[in-house]
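Next, two complexes with chain A in common: one pairs it with chain B, the other with chain C.
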Partner chain A sequence: MSSRTLSYVLAGGALVGLTVLAFAVGRYPISLSEMTSLLLGQPVGANVETVVLQVRGPRVLAALVVGASLAAAGTAYQGMFRNPLVSPDILGVSTGAALGAVLGIFLSLGVFFIQLLAFAGGLVAVGLVYFIGSRLRGHDPLLALVLTGVVIGTLLGSAIALLKYLADPYNQLPAITYWLLGSLAAITPRDLGVAAPLALLGLAPMLLLRWRMNLLALPDDEARALGVDTRKLRTLVVAAATLMTAAAVAVSGIIGWVGLLIPHAARLLVGPDFGRLLPLAMLLGAAFLLAVDTLCRTIATIEVPPGVLTALIGTPFFLWLFALARRSW
Partner chain B sequence: MLSVESLAFGFPGRTIGRDVSFSLEAGEVMCVLGPNGGGKTTLFRTLLGLLVPHGGTIKLDSAPLETLSRPEIARRAGYVPQGHTGYFAFTVREFVLMGRTAHLGVFSIPGKRDREVSERALESLGIAHLADKPVTEISGGERQLALVARALAQEPKLLVLDEPTASLDFGNQVRVLQRISALAGAGMSILFSSHDPDHAFLCARRALLLAEGRVLEIGAPRAVIRPDTLERLYGVSVKVIDLGGGAHTCLPAVGR
Partner chain C sequence: MIRALALVLMSPAFCASQVPALDASGREIRPPVKVERVYAAGPPASLLVFAIAPDKLVGWTRAMRANEAPFFPDRYAQLPELGRLTGRGNTANVEVVLNAKADLIVDVGSTGASLASLAAQVQEQTKIPYALFDGRIEATASTLRSLGRLMGNEREAEVLARWYEKELVEAKERVSRATEHPLVYYGRGVSGLQTGGKGSITVEILDFLGARNAAAEARAGLAAVPIEQVLIWNPEVILTTDPNYWASVWTDPRWRSVKAVAAKRVYLSPNLPFGWFDFPPGANRLLGIWWAGKLLYPQTFDFDLRAKVAEFHRLFYHREPSAARLDALLGEPGVLAR
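Right after this comes the complex of A and B.
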């Protein structure tokens, strides 16, 4: 078996193992035999059924969908920006979503409208960055995009800070902080029913364009001379990655590091070809976030925000990867 | 194959060259000579539709350049840019295969024929043994050859090479020039720039001397490469020596 195939097999195996583990552990442990019985449609206790199907099921699925989406978007962005240190947030999707959600909380809207505002905020922020960035002619188009992203991100960040300052410190501020740190605890099947199809819609063009995506990793001139309309392709990729990220962030809040760390690790394992990279990154992203979320709800009596854990795990892991990879990315 | 009529070129908002006219027949090799900053790269990028012309007309394969789509241009003209280092670690084989893009549908993946064309391009440049190495781990000269192979995988009628010999050792320089002659012999038109006037003597039918964005002279190498034109171009004094049998070489005067 080649080392590439081995990477897929190991990542897939880890994902399956972690999924079983995630269903098993928690305040109400579920045994392997209870899980098998439930899968086979044999009678199990009502508690078991509730815990597996209603409590842990949506949460496990959410971790898989959000983890895979963030990793896929990060993979696309790192290739497109020719930079392994790029995360899906670089064009402001997370900051825009955060502003939308914070505004929703500030206006005391219901959960659905908070999510809707978060999703729309992410799309609008990236749309704005893209619109302004692509009109700054006479600069390297990627540099113009990144710089516009940084500037608009700072602007949106200050709007978030203002809302936090004005928010009711007893009712609203904790909710805002909670959202900004991300959580999979409150995700319902209905949330997933909306987010998963949107994520798939974003994934479709990436899968279809998986070979052509590689050319975006070349200098712009070279890709164009090889026959690629880089503007069109880039617009499509930004739209697809933004859709995936916004859908994920709207239901989970901001969970950093997955979209930065995972594509990077996957590239070290199978190289930069997007067609090989994307499936592995999605497997690893799903497995990583599932592991993190399972830790979040089991290591302490209170829930640890996943955004905190991903950073705690991600930072040393990233530095280790960086030290390990003597060669270029 | 390529015809250029009173072309003005440059970057958006800044014209750096004008009044450039020439044409290139099928199977003809033309060498563009000129000092650093003389506009060679900008001219090439304009000819390939990567920069918008500031005036004049460009016809590629008798079609006005502005009417051609990116893939249509890429099927006619291959581009070998000056070497780069900021690539991801694609293997040389994957890198060369990217030359097939213009022959593929938007959602397609290279097929058997595309792989065969790429392999032939690799072999023709003597770098088939590097096929599985990452482009980030080969030498600058080898990467230059990989860029040439990628352009050949495009199967173009016109090949535009921007200083293809710049980072090559002496042997590889000669190999690239031999390759250029052989490709022209097979009917491909070739436009290349070089810092060495001898390269024009060695394999070009015509030389175009470009100074400050304008054509100083254009014609057979031994007619236009003279001590006075070289002094105009580079500001140094050079002897042009007739070696007999149609061979010429340039010898700069270095004071002792």
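Right after this comes the complex of A and C.
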């Protein structure tokens, strides 16, 4: 077995193992026999069914979807922008989503509308960046896009700051802070039912086109010589990455690290070829966020913000991997 | 000669400042002899200054909204918006504070070192005496008296302080007679998954009422908890301040099996003109004590809530609510019954 295949097998195995573990543990104790009965369709206590089907199950699946989406979007962007420091937020999707959510909280809307505004905010932000960035002629198109993303991102960030400043300090401000910290604590089956299809809708074209994505890293004229319209391909990739990130962030809030460093971890294992990289990055992203979220909901009576743990666990893991691997970027 | 001397001694220039008084953070405050205009740095302070001497309050921290204004006499509801000065996020501009020509700045709430140093700094900058007082429920009477002394309204403040003390003692006595103590969970935010542990300012009312707070073990402060944890606690009563959460809890399958939901004992705190239960953390929470007391210990909190609320409004908001307004306040779905 080649080391690449081994990477897939290990990552896939870890994912399956973690998923089983994640279903088995939680603040609400559920025994193995109760879990088996539930799986076999035998009658169990009402609470067991609620916990597994309404609370823990959706949360585990959401962690998988959000982790995979963020990692995939990060991988696509890092390849496309030929830049190792790029994260899914480079074109403003999370900042736009954050502004939408903060506006929803500021207006005292319900969960559904807060999520809707977050999702729409992410799409609108990237749409705006793409619209402006692609009209700035006379520059490298990628550079124009990145710079527009940074500038618009800062603008949206200041709008968030303004809303925080104006928000009610006792009630809305803590709610905004919690949202910006990110969490999978409030996931419901309905959230998952809406976010997962949208994320998959974004993932599908990326997976189908993954072999062609390498061409995005080439300068436009070279790619054209190979018969590929990079502009069209780039638009498609940005649309797909935005769709899945916006869907993920709308239900989870902002969770950093995954989209930035998981692609690197995957690249250290299988190299830069996008066709091989994408599936592994998705497996690793899903497994990593699931591991982190499982800790978040089990280690204390209160929730631990995932952003804290992603960095706390991810950083040493990443440095270890980096020291171990010999492969260059 | 003696008369001339007396005149000099009594002239405003001579007695520009009184004997210094100590505020709750131990700082010396020298208010002018006649305090006519008071700037309240946050909602809990606004509320007390307004209760003691409404004509001395120079403005609210935030303009009254259309649904809040009818609870106050018109001329006070229209007071200008001046911003908050301390606490989480300053919105007040020091020049606005100066322009308000206040004789005294007061803040009621935490009296810790960071707020004390901020008060000292603003006082240095503006030359307006800046006093800090304790905002805890059980310190309300003493804070009222201190404020009254600084503002030159001892008599008004004493009436309010005595009444407040009497009400708290009476509530405590009702608590002590209660035999059943249901397990209660306070759910904040749209998901209802934020709460406060024992000692948290957010659940000061629960601590005052000696209630069995399901989340007592959570940290003292605002805390996010997993819903699985709430299912384990399985509270018998849920109190909330969030109308979105209250409305969704009945149909959300995750909450269905919680005892409080099954027994239809999830209650929504009124929030007009100031919140009753949690925020702002001021004297307004006496309303929350009565409300939560009635919901937790219905046998001993067997008084007429309407009359009590009307009395609080008359004393602290200077306007007795009409019967229709009281009906609207207490008849809101979730306040006392679903």
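Some observations on this one:
We take it that the second predicted complex is superposed on the first by the 304 of 329 C-alpha atoms of A that agree within 3 Å, B and C clash if a C-alpha of one lies under 4 Å from a C-alpha of the other, contacts with A are read in each partner's own complex, and residues count from 1 in each chain.
What we mean here is this: a contact is a pair of C-beta atoms (placed from the backbone, for glycine too) under 8 Å apart; a residue touches a chain by one contact, two chains touch by 3 or more.
Because the structure is predicted, anything quoted here is derived from the model rather than measured.
When the two complexes are overlaid, the chain among chain B and chain C that reaches more residues of chain A is C. Contact with chain B, but none with chain C, is seen for A:G275 once the two complexes are overlaid on the shared chain. Residue contacts after overlaying the shared chain place A:D221 against chain B, while chain C stays out of touching range. With both structures placed on the common chain, the touch criterion links A:R56 to chain C but leaves chain B unconnected.
Contacts from chain A toward chain B in the complex involve residues 79, 82, 137-138, 208-212, 214-215, 217-219, 221-222, 224-229, 267, 271-273, 275, 327-329. Partner chain A is touched in their complex by these residues of chain C: 84, 87-89, 91, 188-191, 193-194, 215, 217-219, 222-229, 231-232, 241, 243-244, 247-248, 252-254, 256-257, 275, 278-281. Interface of chain B with chain A (complex): residues 11-13, 45, 48-50, 69-71, 73-75, 77-79, 81, 84, 86-91, 94, 98-99, 101-102, 104, 106-110, 134, 136-137, 150, 154. The touching residues of chain A, when paired with chain C in their complex, are 26-29, 46-47, 50-51, 54-56, 105, 108-111, 114, 164-166, 168-171, 173-175, 178, 183, 185-186, 188-189, 297, 301-303, 305.
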